[in-house]
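Comments concern the structure below.
A, B, C and D are the chain letters, set down in written order, and residue numbers restart from 1 in every chain.
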Amino acid sequence: MKIGLLTSGGDCPGLNAVIRGAVLKGVISHDAEFVGFRWGWRGVVEGDFMPLVRHDVRGLSKQGGTILGSSRTNPYEGAGGGPEAIQRTLDENGIDAIIAIGGEGTLTAARRLHDEGGINIVGVPKTIDNDLAATDYSFGFDTAVEIATEAIDRLRTTAESHGRCMVLEVMGRHVGWIALHSGMAGGAHAILIPEQPQSIEQICEWVESVRDRGRAPLVVVAEGFHLDTMEEAHSHKGLDAFNRPRLGGIAEQLAPMIEARTGIESRDTVLGHIQRGGAPSAYDRVLATRLGMAAVEAAYDGAWGSMVALRGTDIEVVSIAEATGGLNTVPQERYDEARILFG
Amino acid sequence: MKIGLLTSGGDCPGLNAVIRGAVLKGVISHDAEFVGFRWGWRGVVEGDFMPLVRHDVRGLSKQGGTILGSSRTNPYEGAGGGPEAIQRTLDENGIDAIIAIGGEGTLTAARRLHDEGGINIVGVPKTIDNDLAATDYSFGFDTAVEIATEAIDRLRTTAESHGRCMVLEVMGRHVGWIALHSGMAGGAHAILIPEQPQSIEQICEWVESVRDRGRAPLVVVAEGFHLDTMEEAHSHKGLDAFNRPRLGGIAEQLAPMIEARTGIESRDTVLGHIQRGGAPSAYDRVLATRLGMAAVEAAYDGAWGSMVALRGTDIEVVSIAEATGGLNTVPQERYDEARILFG
Amino acid sequence: MKIGLLTSGGDCPGLNAVIRGAVLKGVISHDAEFVGFRWGWRGVVEGDFMPLVRHDVRGLSKQGGTILGSSRTNPYEGAGGGPEAIQRTLDENGIDAIIAIGGEGTLTAARRLHDEGGINIVGVPKTIDNDLAATDYSFGFDTAVEIATEAIDRLRTTAESHGRCMVLEVMGRHVGWIALHSGMAGGAHAILIPEQPQSIEQICEWVESVRDRGRAPLVVVAEGFHLDTMEEAHSHKGLDAFNRPRLGGIAEQLAPMIEARTGIESRDTVLGHIQRGGAPSAYDRVLATRLGMAAVEAAYDGAWGSMVALRGTDIEVVSIAEATGGLNTVPQERYDEARILFG
Amino acid sequence: MKIGLLTSGGDCPGLNAVIRGAVLKGVISHDAEFVGFRWGWRGVVEGDFMPLVRHDVRGLSKQGGTILGSSRTNPYEGAGGGPEAIQRTLDENGIDAIIAIGGEGTLTAARRLHDEGGINIVGVPKTIDNDLAATDYSFGFDTAVEIATEAIDRLRTTAESHGRCMVLEVMGRHVGWIALHSGMAGGAHAILIPEQPQSIEQICEWVESVRDRGRAPLVVVAEGFHLDTMEEAHSHKGLDAFNRPRLGGIAEQLAPMIEARTGIESRDTVLGHIQRGGAPSAYDRVLATRLGMAAVEAAYDGAWGSMVALRGTDIEVVSIAEATGGLNTVPQERYDEARILFG
């Protein structure tokens, strides 16, 4: 079999380990042949790819990013896209199947390409935010949590030295997993996530209770969190939207609000892209390698239109529909569990 | 409720996070009172303990080791032990229950103390080797894998620079989980585990095939691995047993055997105690914190004689019998999965 | 002798190691007594201090921040300050001397207090930016460079995966040492420092030349850098000053300017407080410990009004005037050396 | 100019950064051409080399080991060696000069080849042990100290949890710099170095004094340390020499001796090759890059037979004789300084 690999969407530690796992498994167990499409779906639509032999994936498990490049190109958008164009690329180059490594958008597209276009596709879930259902965890998430936790450890000592409140913004546009886990690991005094809007009054109550115990408050906030006092939030957001076209911003809003209300000097830090770059943790390397290997096995089993996923300690083959059917949000009981430690 | 905590057996990153999780959960949710028994069961038998209030657990989630101390004392051994002595300590000090954090031995003893002595006990599984059944993973394991993987990353560059074979010995007396995961994460060319004896011929075949591809072979071996060519192993072991009373030793045996047979200069490294010390990974901090909190909840639910465990993404209350009924060995399919990447 | 220690100004990894080194050296070699003034000069002026015995400094060498707290209080400002108030605090509490650990402001104040007020003071240079003359390096700097370098390593893989330009802002208000060293260590394609204003045209030329070689450009910029095309800079700064009261900001300005001119998608990351928190590097622990010990020795030698400093591999006693006489800027030849690697 | 680079002797973090610095400097500033000799002097004698262009050194500053390979081949040994063979390789391939990166042996050979054979050579000092005179520090040393310090941090928590004495063996065959710096950074209770033989009685006195203060003793020992009670050492060494052909061994001797005399359970850990592998610290990357660049500059200045070295904050060109004239041992005052913190 000749298989084309692609990585799509925001990069994530472990992408290269998936590629390496897939190529080694395919070459060694099945004598498969591989190509790598460049820059995600764009490479498929444009027929831009490179051969991937065993030597090319050497040492990749510890390497961050993706050697194939990635983009947010949607295979259905633009003039040249769609199932026909993709099938043409495959046919013209004798490629039998695609292993698509990507998030919600990529997996949804993969499913349509299979269902509507009959294209042989297996999906590998990629989400640093851990927002895909149908898999317990996805690679990249553990590394991001580790990096955010290390940042909290560092911020804590500087906070205590100056009696300041620190507000750390981590990734998490729609779900708060990175904030929840890093906040628990780092002993944060408040964890603010998109699933659980809070009022500024509640946040300040937590912050003040920490100060009253003689400590420096540490707040971890997911980028997608919003205050539930809408007016307040809006007036700040309005200002923000106009002048600051960058992602994030919630920590920049919260720090001065906390300082104004509590009188505690407050500072914000936005972790940003550091969370998604660099060498994956051992956990993510193992998970990504196993997913890559399993995706090839699924291809050889003809499980087209399916996706590999972590369930407990096993890698299983599941339907893409399961993964894309809804966001993997932080359940109420997990937030309640963490909330006991606040304040 | 007044709860006594103890940590028993070899230490493990995350013990302090369990203690912190339990104390915070108990104090905040239930207004519980806590004491910490010193040096494991010894403290229970001898009535040696210290009060544990909220302030005492501050900042503990990132601290390695155990503030309570640990030992391998068995509560049933010696003159002063047994259920009566333990019950006496509890009665005399108004302690209602014990949360025992320990491995197979501790959990077995906990179960007997509950079953035979009617003592109120909840167990928390602790095993850096990941050898307990009934929990998907235990805290400390992820940290150990991370440290072993970092060692592999470091050894690889020195191996390649000199064209040497490196043999790294990691923990794992009865099961090979640390070797399996770190070997997969680090891209080892052979992973040797207690569950899968191999002949020296097979090992050298893997090593030579790596050399023939122009690379420096990297072998990860669990301390409990043994060769299946018994004579060979014995003759070496005989020598070893006489002169070297230290733990480990398999890497020291293998390196010269590999060098003698393949002609490839070989070196061994024994990671040893470094794997069990120091700050836990974020993964282990979250797991340990959740287990500590859940153990207190189990105590308030009166789930005596049970144990908290990780299942998928949930913490569940299970019977201790499940955990101590058999070793959590590496299944054949997991070894086969990894073995594809050898050689 | 009874010595009072204080830490003043922004915190810095290694402050606690200085404290530990001073206390251990004093207690063991001279049977000295120590107190720690809380929150910098404020503690001296207000007579707020705590005893420091050997036990209090246990394990401190690896701990970030300062157990004494810090503030930017100037001993000469406010109603209660000045040499008389300070001498009164010392006299009333039988304190013979002060070891003041701080930056330019603290050392200048220390010198005045000694010269004008006859107070027994020894200074220890503290500057994470490495901007003090008279010492080759100061503790905290190495840790900050290490953290910034790790960030560059991480940003590089995500930059390459998306073909983006990354702009990383590091500390350095008046001097560019952190940017220079981390940029060299991380292989940055442009290093922008306060000492060397550059035009946006020059920066974009470097960025484009990197892109033309098929790579993702990585720019490291010190927070105090400014463009030498003044109009451009001003028009952006005007906007900025109005809406964004936070520190930093140069990276946020540069990224969109680079993107607009080169067409290369550009992202900024501001490292911020992470650079100054957390465990010091081994280098900084050794340096800080030695400085703390040497400061006590200087006190016992009666070298009042002087400061300890690193010269080559030695710790020497120098005049405070030397350190505060001028900024330790990046010399032209060091920038030229690094600049060869740009573009 | 066409310059041949070689790396010789044990590998060391930073070798690749030297290579990268040299090639970039040469190509960009002087339009130089480079080749890399494989496996140290062996490549020069045998004419085994590869071209090194700008692209080949991309990303090398953070990569451990040496892409050229290394060996302990002496250019004067064997049938084919000597200045004539080397000059022949140079002449036949149009190579004008050699930059030799290596330790005492390599630099001595380089000097002879220049003095006796008139070969154009510039040396770059490489010693992870920091045992070369004429340079304040050499690259690799800081990384090794960092790794050893992290090991001490980890060992401490496990030691305290079990009330054990830990003996950590670090590199340092003839000089104790790694032990001295990591021991100071990690807060070791005894530092044992080749320059300062101690009796087992003295070591046990330090260990017991730590235990008496309620702490777990931590001993750092350089591999080249020897007891000054010769009989004791010999009787153990005799046994050792026979059965254990591996490097190191002093920690394995000391731990049981300490346990036998003090009654404190003692464990040894040998760091071994981990200290010399993997990514260099930022400090070492900067130093190595600067040395590589300076070596090329020295070549273009015709400073044959000289060596580049760190002096304070500057890279200077010095005579090789200076570096090879004597070991850079730990001076008495540095040991005395550290010794105050023992026990």
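In this text, a contact is a pair of C-beta atoms (placed from the backbone, for glycine too) under 8 Å apart; a residue touches a chain by one contact, two chains touch by 3 or more.
Being a predicted model, the structure only gives us computed values, none of them experimental.
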Exercise. Which chain's mean C-alpha position is the greatest distance from chain A's?
Worked result: D
Exercise. Taking each chain's centre as its mean C-alpha position, how far apart are chain A and chain C in Å?
Worked result: 34
Exercise. How big is the gap, in whole Å, between where the Cα atoms of chain C centre and where those of chain D centre?
Worked result: 30
Seminar exercise, completed: Among chain B residues, those touching two or more other chains are 153, 156
Seminar exercise, completed: Chain pairs that touch, by label, are A-B, A-C, B-D, C-D
Problem set entry | chain D - residues contacting chain B, complex | 7, 10-11, 15, 39, 63-66, 69-71, 147, 150-151, 153-163, 166, 239, 243-246, 252, 256, 267-270, 272-274, 276-279
Exercise. Across the complex, what residues on chain D touch chain C?
Worked result: 24-25, 28-29, 58-59, 61-62, 136-137, 142, 145-146, 148-149, 153, 156, 181-182, 184-187, 215, 281-283, 285-286, 289-290, 293, 311-313, 337, 340-341
